[in-house]
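Since the structure comes first, as structure tokens, the remarks are kept for the end.
To keep things simple, chains are lettered A, B, C and D as they appear, and every chain counts its residues starting from 1.
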Amino acid sequence: MDQPVNRFACRVYYEDTDMAGIVYYANYLKYIERARSDWVRSLGIDQNALRAQGTVFAVARIEADWKSPAHFDDLLEVLTTVQQTSGARVVLRQNVTRGGHLLFGATVTLVAMDIKGRATRLPAEFRRQIR
Amino acid sequence: MDQPVNRFACRVYYEDTDMAGIVYYANYLKYIERARSDWVRSLGIDQNALRAQGTVFAVARIEADWKSPAHFDDLLEVLTTVQQTSGARVVLRQNVTRGGHLLFGATVTLVAMDIKGRATRLPAEFRRQIR
Amino acid sequence: MDQPVNRFACRVYYEDTDMAGIVYYANYLKYIERARSDWVRSLGIDQNALRAQGTVFAVARIEADWKSPAHFDDLLEVLTTVQQTSGARVVLRQNVTRGGHLLFGATVTLVAMDIKGRATRLPAEFRRQIR
Amino acid sequence: MDQPVNRFACRVYYEDTDMAGIVYYANYLKYIERARSDWVRSLGIDQNALRAQGTVFAVARIEADWKSPAHFDDLLEVLTTVQQTSGARVVLRQNVTRGGHLLFGATVTLVAMDIKGRATRLPAEFRRQIR
């Protein structure tokens, strides 16, 4: 598999858990979104500026598997890999791991959108960076 | 005590609980915000329109007591009472109850703000309604 | 398509939105979880009792598409359909709609688990109900 | 004022914002809870072990002021100060700052509780550490 473009560390707090004593299932989507924001920031791209220029990224599709639960105080790592890019789309693989062990994995399709919500070409800055 | 201006029913779901098996403490602030939105809607005030006209409500202060925990599947009721209004401010009392029993109570100070975040007079429509 | 086994109404509140002015993508997973809990309750099954007996449901896989955004104050409806059941698994289709228009759709695989996190047969009560 | 016992850095992500373009008000309670967990961990106290021994901390009261909004991508710092301790209680001051500027401040009363939810003496380990 390709090299991760980003490794993002993430601690599990009380807010993340549910009464089953484990991380609530929807919260993995928060973790991988934090990792995407961290990645984009690390590319020197300012999402605030991008939005001001009229481009945002939206998640269009996710295929996700919950493999093993995370618990309070766990230190997780989100590994992000670029699988594919085309005109307006990027497909990422994002794995949430603990000590190298896979807990959650998702294939995430992002689409660049203009203010009216129409698909638009990936920002030039972004295409250059991920090539 | 004054009559509640709003009674709002609210079910506890998985997302609301934490690993202690009870509702996570910050989520009571979500419940009382839902109740405020429900109340404002019931007054015939459209928060989307209000915002488009440049006025939003912001929470400036809360004094809150967590008395007794709520659990998964509980059916809660949020009772909202107006305690005080002045130029730009409304002070509410919001109690979260289950079967008439108080679980959480908060005194909430709201401020009407313009787009630049400056305090502004309460919208006329709102003042008329809560008198 | 099969008849929905559950229709669940759900209002969009401030807590659900993000700075893009729309519902944050992970929150659709909360909405469909509320709908599943509502459905299970409507079957006369008490998840608290089920858990006390040692069985919980966990989401194993989701394939989801975000089609169109939801906004503050929208009244949404989650429609849940049973697509397939087998030993320990149930596959549901859960669509989040507004005025009959599809905003988000997910195919959700649930697994019944025992306390140790091992797949276990679907509870008898549940199998009887969904047949 | 007393020296902070903990300084906790915290980035604002999409999940934290609402449609007003700022951090949703209840999320500051998440930030200060993360800071408390970080602080307790830094004292060498394992909350998982503490819970297994039958002691948990619960928030009993908060007085909080929202002074100025935080935005997406902001890097915040939570400063925690111990204001008072007694039998079962600790009173903390927790300020959320950005670049030294106060955005949110809360006075938080924590109570040590046993499994039955009764107030209990602060754990010895904890009392020793915060003296």
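Everything that follows uses one rule, which is that contacts are C-beta pairs under 8 Å (C-beta built on N, C-alpha and C of every residue); 3 or more make two chains touch, one makes a residue touch a chain.
Since we're looking at a predicted model, the values are computed, not measured.
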Higher-contact pair (C-beta pairs counted), A-C versus C-D: A-C
Longest centre-to-centre distance from subunit B, chain (CA-based): A
Computed distance of Cα centres, subunit D from subunit C, in Å: 33
Separation of mean Cα positions, subunit D and subunit A [Å, integer]: 27
Gap in Å, rounded to a whole number, between the CA centres of subunit C and subunit A: 23
Shared-contact residues (touching 2 or more other chains) in subunit C: 14-15, 20, 26, 30, 33, 71-72
Complex contact set, residues of subunit A against subunit D: 11, 13-15, 30, 33-34, 37-38, 41, 46-48, 71-73
Residue numbers on subunit A that touch subunit C, as the complex places them: 20, 25-27, 29-30, 33, 51, 56, 58-66, 69, 117
Subunit A-touching residues of subunit B, taken from the complex the two chains share: 14-15, 17-22, 24, 26, 71-72
